[in-house]
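Below is one structure; the comments refer to it alone.
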Amino acid sequence: MTAYIIRRLIAAVLLLLVVSVATFAIFFLVPRLAGASAEDLASRYTGKTANAEQVRVMAEKLGFTDPLPVQYGRFAKGLVLGADYSTGPTTEHCPAPCFGYSFITQNPVWPDLLDRMPVTLSLAAGAGVLWLVGGVATGVLSAVRKGSVFDRAAMGVALAGVSLPIFFTGLLALSLFSYKLGWTEPGGSYTPLTESPLAWARALLLPWVTLALLYAAGYARLTRAGMLETMNEDYIRTARAKGLPERTVVLKHGLRAALTPIITIFGLDVGLLIGGAVLTESTFSLPGLGKYAIDAITNNDLPKVLGVTLVAAFFVVIANLVVDILYAVVDPRVRLS
Amino acid sequence: MIATDATLALVLGACGGTTTGGRGTGTGATYNAGVGQVYNPSTTKGGTLRFANAGDWDSLDPADTYYAYSWNFIRLYGRQLVMFAPEPGAAGAKLVPDLAETLGVPSNDSKTWTYKIRKGMRFEDGSTVTSKDVKYAVERSLDKQTFPNGPTYFNDFLDLRGYTSPYQDPTPDKLGLKAIETPDDSTIVFHLAKPFSGFDYFAQLPATIPVPRAKDTGTKYKQHVVSTGPYKFESNELGKKFTLVRNDQWNPATDPIRTALPDRIEVTIGANADDIDNRLISGNLDVDVAGTGVQPATQGRILSDPNLKKNADAAATTRLWYTSINPDVAPLDNIHCRKAVEYAADHTAYQRAYGGPAGGDIATNLLPPLIPGAKQVDLYNFGSKPGGDADSARQELQQCGQPSGFATNMSYRAERPKEKATAEAMQQALAKVGIRLTLKPFPQGDYFKLYAGKPDFAKNNKLGLMTTGWSADWPDGFGFLQQIVDSRVIRASGGNTNLSVKIPEVDHLIDQALLTTDTNAREQIWAQIDKRVMEEAVALPGVWAKTLLYRPPTLTNVFVTNGFGMYDYLTLGVQNVQK
Amino acid sequence: MTAPLDVSGLATEAHPEAALAGMGRVIQGRSLGQIAWLRLRRDRVAMAGAAVIILLTLVAIFAPFIVKVLGHPPNEFHQDLIDPTLQTPKGRFGGISGHFLFGLEPLNGRDLFSRVLSGAWISLLIATLATMLSMVIGTVAGVVAGYFGGWVDALVSRTMDVFLAFPLLVFSIALVGVVPDHAFGLSGNGLRIALLILIIGFFSWPYIGRIIRGQTLSLREREFVDAARGLGARGPYIIFRELLPNLMAPILVYSTLLIPTNILFEAALSFLGVGVGPPTPTWGGMLSEAVRWYTVAPNFVIFPGLAIFVTVLAFNLFGDGLRDALDPRGR
């Protein structure tokens, strides 16, 4: 077991390494291939009236004149060991994990990321609970009443749900519930949970529901399919034959088996969402990691983009890891493969 | 109703500043009550003033900031040599001494400027402010490696002789710059490499706010700028929020200007723009610090609701939205083809792209009317034919040898919906006379550095028209025009804001203006430059921008200052003190 | 064999074994294709989806003519119909009338009907071509990984893991952002469209790759492959003559199901501001502008949004039906 976990951990670290190299390449290699010089890149980060000499000095300061592997090495070293940065009169140590300083505001990136994380975590957690409960419940009911009006309606809604872009439903919901009816908060509101749990939930209610709607649809379809499959298994027939109440058969025997793959997917979805709720956060103007990434890309603030991408990949990798390990715990056969 | 208000705004704008004092309290709120006069005057001290910023402050460090709102706000915690008078309207564009006892005294043909610093000035830690602290502050602002965001006027005009930064200065007191002398603790003398008659405008830059060398932490100084003003930092979470409290070392006796009404100032950074609007309207926020006006949807909401509208001001600014016409790109190298563009453009559509009449007035030339000395000239019938003058355009096309029109490209900043709307409107309007535009969006972060502002790129990619905007660094001909019409500021390496103006005569006139110490004469030269640029048809003026500002009724001493084109932050107070 | 009339139809639902075993072989004188077609034809929901897809394709192709008859040129301004103070269309419901079937855009007063219709081809073109690209990459990678196994499989699988771990949207936006205006001999919208197809296609292949790899793994162990190998057939022969024909069904199904995902992907990129440049109308781009207007001009949100929704739903319904009909056990 321990060996398996260690193997998975090493794979996870390697994966993060590859992601960081790829991100780095996109921002530093692609522009170079497209013909941009170190000065072209640096000129974005000088004041609006900088002259050629000032741009050159900036290119050197930001390290753009070094070969790319050296630049990457410096970045990776900062992540693991921290790095020293000049503040002008002195130098300062930026402790690991050091994602560097914003090229624009010169604020350190890591505290920013920590600051944005709770927003995205709140969004993902709240929506996740909603869609898991809603999706699974709908799926079970549909499976039990297969072919009924409820089943057809639910599955119809589910298919519609996965076909709706969040930036459409989100805008509609904002327009109706927040602007016209005034039931919910307008876009852009966010209060930390620690400040006021009520305001926190109120502000996130609309994003949660819209996001959950999108995902619940898929989960309902999955649950229904899984349930229909397991309900045909022999052991279910045995359970029924024993005279167990249908409720027990469905929930204890049927659902349990159908739920395993759902939980796997749930883990992965939540992991992906933490790093990629870009659309939801943009639609509702939530100050989370996704919005941070978009703003950073708009400003060409590379250290911020690198930071967000790595943190996002980290969450996906962690989610993968947790799911894999849980699987290994449940099913010893996995460890052998 | 709307028409009447618009006229009122115009009248007030025209004679702005002549009426001071003015109308009553919260109950007397009317549209534009904060334009040209003080709305809700009060001397009540106390309370908390709450600001919010939708963006990220470039920096709180006086050496590293280049936003008008930041220059407006910084006066709360720092005192520069001179500053814009906190007065409504045009009076707010006048300079008054702040740290200095008087405005600068020129000598040596405006190449040497001397200031005397007031006695009894202290930093927040109680130590005395001397002229050496001012010199050190200017020195560090020269270091563009550490402070890239700030303006480069001192770099460009001081007689540096190779001096780069106090951080690389071998002299023990780090005051090795020869271009600034401090013969005694209260005198500071600036030596310029070339004459400049408007040096007082440089002396109002935040870079002249004194910085004690012992407390200078370079890029980290912005976390706790050592105050010389009435407020000092209590706490500061970068990129999130900061709080200012009263500075007990600030002596009102040395400061005839600042009223310092509120006890506390709280600023939230990185808030959502729509959220800011909503909070302003609901009274949970006092000022949107960026001063660039409410969001478009909020604007419609405010203007259509009389109860909200009475708490709003349409503030004229020194911002011009315009389109550069690039003479490097054929057939626009022919003046008649350029004139055809001037005639064919739809000015109403341009204005509409920026929010209609509430977003600004149709511009006929470059200098915005609120800049002292600006003269309106209308060479291409903008006023009589706001929808475009197709007949004249066709005549010009004939003369240009392109009777059926021509094709060219138009660039704009991809992230800016208003510029996109402008480009689309231009495409529509010019098509009527056969000028076919292909629209080219570029990322705004690189627009000037790598695309429109890089002469080679613009030429090779045939960017005949380039949308852009410009706002004066300060309300004066130099502050507005120099960076956009002087051909000598164009750098082949990119990063230019002058995209199309290369007229030797204009360069010559600029040199003349730099030498002219008489304000009236100087203003006339700038107006002449403006007209000359229009004659060459290398710029199509779009809109002299206005911003719709919302003032919660609880705010006191509210007025728009021409110095910054937004509310003056130095005088604001709050009515409901016991909150 | 019951006709799957409900709209659900996950792969696991019906009778997968029979269909899979019979793939490419003759059962009771009917080919798999014929069986599938029979089943599909009885699936009214899927057929409805197909009808909508055909209709949309026709609309996309003939949009210029439809617009000429029923609307105004998509880039024509109608500022006389816009309230100068509010910047929104005059009249009720965003200016909907016989002349403007979907009303007007705020600010410029362009005809929403024309713009929504004219936006169709971009969506369909990019999504379809990107899907074909993913299909090719995914199939090649999946077959290679599944057939050769060992380190090849490990390499391909880990690559797919990397792709799935990326925050794709952030990545795609960054990529579009760093590619200059002129590249690969293209410029302007041509370059943008090519770039979008490339990026969407390139980032979506692992979804197909995984499924194909799984299918190949199971097919590899089947008797007919063993038999071919026993008769001395070599790798390429087995891949092209034995494996690929049997993979056609899942490839077809998952490609159909990838199209709607890619339509959403394109819309998302346009929404985030890196889509095809203006004034070319795109659905996602329209929604991105609508963000500033949702409070005062809801029809600016509703019509482009509905267009995306209907298109995506139609592809989903059809893809679902197709999966039921072909029944590859892919999940």
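When the chains are written out, they are named A, B and C in that same order, and each has its own residue count from 1.
Everything below uses one rule, namely that a residue touches a chain if its C-beta (ideal position, glycine included) is under 8 Å from a C-beta of that chain, and two chains touch if they have at least 3 such contacts.
These numbers were taken from a predicted model, which means no experiment stands behind them.
Nearest to the common centre of all protein CA atoms is the CA centroid of chain A.
Here B-C and A-B were compared by C-beta pairs in contact; the pair with more is A-B. Subunit A and subunit C have Cα centroids lying 23 Å from one another. Rounded to whole angstrom, the centroid-to-centroid distance between subunit B and subunit C, based on C-alpha atoms, equals 48 Å. If you average the CA atoms of subunit A and of subunit B, the two centres end up 40 Å from each other.
Shared interface positions of subunit A, defined as residues touching 2 or more other chains, are 36, 298, 300. The set of subunit B residues that touch two or more partner chains comprises 415, 443.
Shared contact sites, meaning residues of subunit C that touch two or more other chains, fall at 177, 273, 294-295.
Contact residues on subunit B toward subunit C in their complex (touch as defined above): 2, 295-297, 299-301, 303-304, 348-349, 352-353, 355-358, 414-415, 417, 420-421, 423-425, 427-428, 438-443, 451, 461. The touching residues of subunit C, counted against subunit A in their complex, run 6-8, 10-13, 158, 161-162, 164-171, 173-175, 177-180, 183, 260, 264, 267-268, 271-273, 284, 287-288, 290-291, 294-295, 298, 301-302, 304-305, 308-309, 312-313, 316-317, 320. Contacts from subunit C toward subunit B in the complex involve residues 75-77, 79, 82, 84-88, 107-108, 177, 181-182, 188, 273, 277-279, 289, 292-296. Across the complex, subunit B meets subunit A through its residues 56-59, 66, 140, 143-152, 155-156, 165-167, 216-220, 238-240, 270-275, 278, 415, 443-446, 448-450, 483, 489, 491, 493-495, 497. Per the touch definition, subunit A reaches subunit B in the complex via residues 36, 39-40, 43-52, 54-55, 57-58, 61, 85-90, 92, 101, 104-107, 111-112, 115, 186-189, 285, 287, 298-300.
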